[in-house]
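Pasting the structures here.
One chain, subunit A, appears in both complexes that follow, with subunit B as partner in the first and subunit C in the second.
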Partner chain A sequence: MELKDIINPNNLVYEKAKLLTENTMHYCPGCTHGVVHRLLAEVIEELDIQDKTIGVAPVGCSVFAYKYIEIDWQEAAHGRAPAVATGIVRTNPDKVVFAYQGDGDLASIGTAEILHACNRGENFVVIFINNGIYGMTGGQMAPTTLIGQVTSTTPNGRDAGRNGYPLKITELIAQLPGTSYVTRQSAHTPAAIRKCRKAISKAFQAAIAKKGTSFVEVVSTCNMNWKMTPVKANEWMEANMFPFYPIGDMKDSSKSEPESYSPIKN
Partner chain B sequence: MAKVIGAVVVDQEECKGCGLCVVACPQDVLGQNKQVNSRGYHYSFMKNPEACIGCSNCATVCPDTCITVYRVKL
Partner chain C sequence: MGELRLMKGNEVIAEAAIRCGCDGYFGYPITPQSEVMETLMEREPWNETGMVVLQAESEIGAIHMIYGAAGSGKKVITSSSSPGISLMAEGISYIAGSELPCLIVNVQRGGPGLGTIQPSQADYFQATKGGGHGDYRLIVLAPSSVQEMNDFVELGLRLAFKYRNPAMILTDGMIGQMMEKVVLADYIPRLTDEEINEKYGSWVTNGRKPYRERNVITSLEMDSDIMENNNLRFQQKYAQMEEEDLLFEEIQCEDAEYLLVAFGSSARVCLKAVDLAREKGIKVGLLRPITLFPFPKKPLAALAKKVKGMLVVEMNAGQMIEDVQLAVGCAGCKVPVMHFGRMGGIIHSPVEVLAALEQKLIGE
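Coming up: the complex of A and B.
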C-alpha cells in the first residue's frame, strides 16, 4: 500500500485537538507546557465544556496560555491565580474554572493563596507544572529545586544550610480537607501522558460535581534552563526528580462527600 | 493476525526539532532531518516509513502537536 493511500481522512487516528488555536506556541522545543496544554484542550473537548470553561493564566512561561486554547481566560497577578479563580467560581457557580500555575508562581509567590483556596475547598481545578526552577526569568532557584541542583542562583548546587529544603507542596495540599482529588503525574513518555490525561479528566469531573478543589501536579522538565537536550532532560527528571517527587494519587475522595469534621461536642 | 500499517505527517514548519518523538517511536520510524525549516530547526520526518504501525506515540509526546497519525488494518 502506498503512503498516499494511508494518508486519507478515513484512516485518521490522531490529529490536533480542535480547541488548540493555530498560533505556534512560544515555548522552547520539548517543553512540557505544550503537552499539558494539549491534554487540557483534549479533556475540555471530550467533556464538551468549552463554552463554560474559564481558565486562569499565571505569570511565568505559561502567561500566554490564553493564546493557545479556545476558551475564556483571565490573567492573574503573580501567584494569585487561586484567588482570582475563587472569585470567578463563586460569582459563576455554573462555570468550570481551572487555574494553571508553575512552581515559582504556585509554591513560592502564591503559597498563601493556594493553601487557603484548597483549604476552603473552592470548586476549581489547579494544574501545577513543577519543573524545579523559575523558567521564564532565567532558571533561578525555586522552592521546589532539589538539594544539590545547579541553577543560575545556586551555581554550586542548592545547599540546605543556606537555601533551605525543597517544598513538597502537593503533599501539603493533600492534608487539607477541602481538596477532593490530589495527584502527581508526569508527561515524559506516551504512557505517562495518557495517565496524566486521565488524571486531568478526573479532576475536571470532580470540579463539575462540586467536590472541592482538585489538584494535579505535573512533574516537568525545563531543558533550556537545566542546560540539557529535551531527551536528556527527561532522563534527568526520571533519575533525580521522581525519587523526591513520586508519581501517583495522594488523595482521591472525588466519589465521596466533602469532609465536615467538628471537634465541638454538645 | 491482521497487519497494521500506519503513516505520520509532520508539520515541518511547526516542528521545533526537540526529538522527543524520535525516542518515543517503538519502531524507529522517525528521525531528525538534516535540512532545517524556516526557523532553523531540524524537523522530524519518516526516515523508515515502512515500519510505521500508526501507534500515535509520537503524536502523544509532541509538545507542539505537529504530528497527525493515520492507520490502516489490512
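Coming up: the complex of A and C.
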C-alpha cells in the first residue's frame, strides 16, 4: 500500500475542528485548555451559532483563548468575565455568550462576579477550568489547591491553618436558583472527553433556550506547574482531585422552568 | 422647544439617558447619586425604549458590565460617587485601553476614604489624569447646572463614540441634589442591530458575521512595539480632542483685571462673586472650563497676558490650579495664580470667594 492510498479523505477519522484558527496554541504540552478549546469549537460549529456567539476570555493561562476560536471575543479583566458576559447578554439577549475562566480567576478574585451572575441567572455559559493552581504566574496557590498540595507559595504544602481550605465553588453555585445546569467533568481520557463535550453542548443548548446560567467545571491538570509528566499529572488528578472534586452532574433543571419565588405577602 | 420640567440633577441624568437612546445602565447605589438608578427603575425604560437597567453587585461588577455591553456596540452609561469611582478605576482603564465608548457620571462627595456625603471637587486629579493604571485620559465634562447635566449626557456619549474613548461627567452632590428647571431633549431612537453593524462593524463583538473578520475586544498586547504604537494612537486621540472638542465659557472677561477660574459648582458660586466684586468696583471675570480634559490651556494663556492675577476656586485643596499654573507658565506669563478651596463637603460662599480674592491678590 502506497502512502497516497492511506492519506486519503475516505480514511479521515480525525481533523482539526473547523472553527479552530491557524494560530499555534501557546499552551504547554499536556495542558487541558487545548482539549476544551477544541470541544468548544466543535459544539459552536455543531449548533451553528458562530454568527451569534461571543466568548469572554479571562486572565490566566487562557487569556489568549480569543486567538484560537473563530468567533467574536472580549478579553475581560481578572475575575470579571461574568460581569462582562452579563453586560453583553443583557443588551444582546438573543446572542449566545460564554465566559471561560480558570480557578484563580473564577474562585478567588472573581468570586463576587460569578456568584452574583449565577444568582441572577444570567443567561450565559460558564466554562470553569480547575487545575488547582495559578498557571500563568508560575504555580502559586489557588483557592482550589488541595490541602498538602505543594505550590510556589505553599512550598511545604497547603496548610488549612495558614491558607484556609480548598473552595468547592461549583457545589456552592449549584445551590443558586439562577443556575439551570451545573456539572463537573474532566478531559483526560477519550471517554471523559466525550462526556465533557456532551456537557458543554447541553450547557450551550440551555443558553440558547434561555434557561439561565449553565456551569461546566472541568477538573484539569497543570503538569508544568505540578512538575509532573502529562501522564503522571493525569494519574495524580485521578488519585487526589477526583475524590475531593467528584465528577458528575450536580444540577440539571435545563428542561424545567426556572424557579420563581414571591415570599412577600401583601 | 422641548419639554420644560423642574427636576433634580440626578433625576435628569436618568431621563436624559432614556431620551438619548441609551441601550443600558449598570450601577450600584451610593449617596449622593442613588436617584439616578431609582429614577430609571421608576421609569421602567425597558417597556418604553427597550433600555436595560441593572443593579449590579458592586461598582466593579457595574463597570465591567459596561465594558461588555460597550464592546458589543451598545450605548451605555453608569453613575457613581467618589468611593465607587475608585472601585471602577480598574474597569475604566480597561475600557480606555480597549478603546470602548461609554459614559461614566461621578457625582462627587468629599474624601479621602469614606469621607462625607456632602459635595466636593476632590476627584479632579482622578478624573483628568486617568484615575486607573496606564497612560490614558477620559473626556471630562463639568456641568454647572441641571440643564447641563441633561445636555452633557448626549454630548458625552457622542464624544465617547467619536473617539471610542470613555467620557465622564464630573459633577458633585450639589448639582446632583439641586432642583432647577430644565428643558428636556427630544427622544432619539436606540440604534438597531443593523445600524450598529453598519456604523461600528469594524470593531463590535456581537457575533461574527460571514462578511467580516471576527472582532476581538482586548487591551492586551505582548509585543512592546505594537503596544507603544497603541499608546501613540491614544495620545493622538487626546491631542485631537483638544483641537476639536474643547469647551469653556468666558464670563465678563473682556475688561477683567482679575480672573476667577472655576468649574462645576464652584463656577456657579463664582458667578455671584463676580457680580459682588463688580458692585464694589473690582473688575473680575470668570473662566469656566467645561471640558476639564481637554483643558482650556490656550484661552487661559491668552487671559494671563491681560489680567493682574488669577484665583482658582475649587472644592478641594488645589487640584485644577496645577493645570492653570502649567497653562500660564508655559505661556511665559508671571501673573500670580492663587488658590481658594474648601474641603470636606463645604461649599464656599460668594462672599468668601470675594474675600479670598481681595486678600490673596488685591491686598487690603
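Going forward, the second predicted complex is superposed on the first by the 259 of 266 C-alpha atoms of A that agree within 3 Å, B and C clash if a C-alpha of one lies under 4 Å from a C-alpha of the other, contacts with A are read in each partner's own complex, and residues count from 1 in each chain.
In this section, contacts are C-beta pairs under 8 Å (C-beta built on N, C-alpha and C of every residue); 3 or more make two chains touch, one makes a residue touch a chain.
All values derive from a computational prediction rather than experimental measurement.
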### Task
Using the touch definition from the top, say if A:70 reaches subunit B (first), subunit C (second), both or neither.
second
### Query
Can you name the residues of subunit B that touch subunit A in the complex?
5-7, 9, 14, 16-20, 23-24, 41, 49, 54, 56-57, 59-72, 74
### Task
Could you please specify the touching residues of subunit C with respect to subunit A in the complex?
23-24, 26, 52, 54, 56-58, 60-62, 64-72, 74, 76, 90-91, 94, 98, 204-210, 214-220
### Query
For the complex, which residues does subunit A have touching subunit C?
50-54, 56-57, 63, 66, 70-77, 80, 83-88, 90-92, 95-96, 112-113, 115-116
### Residue ranges of subunit A in contact with subunit B within the complex
1, 3, 5-8, 11-17, 20, 24-25, 27-35, 38, 188-190, 193-194, 229-231, 234
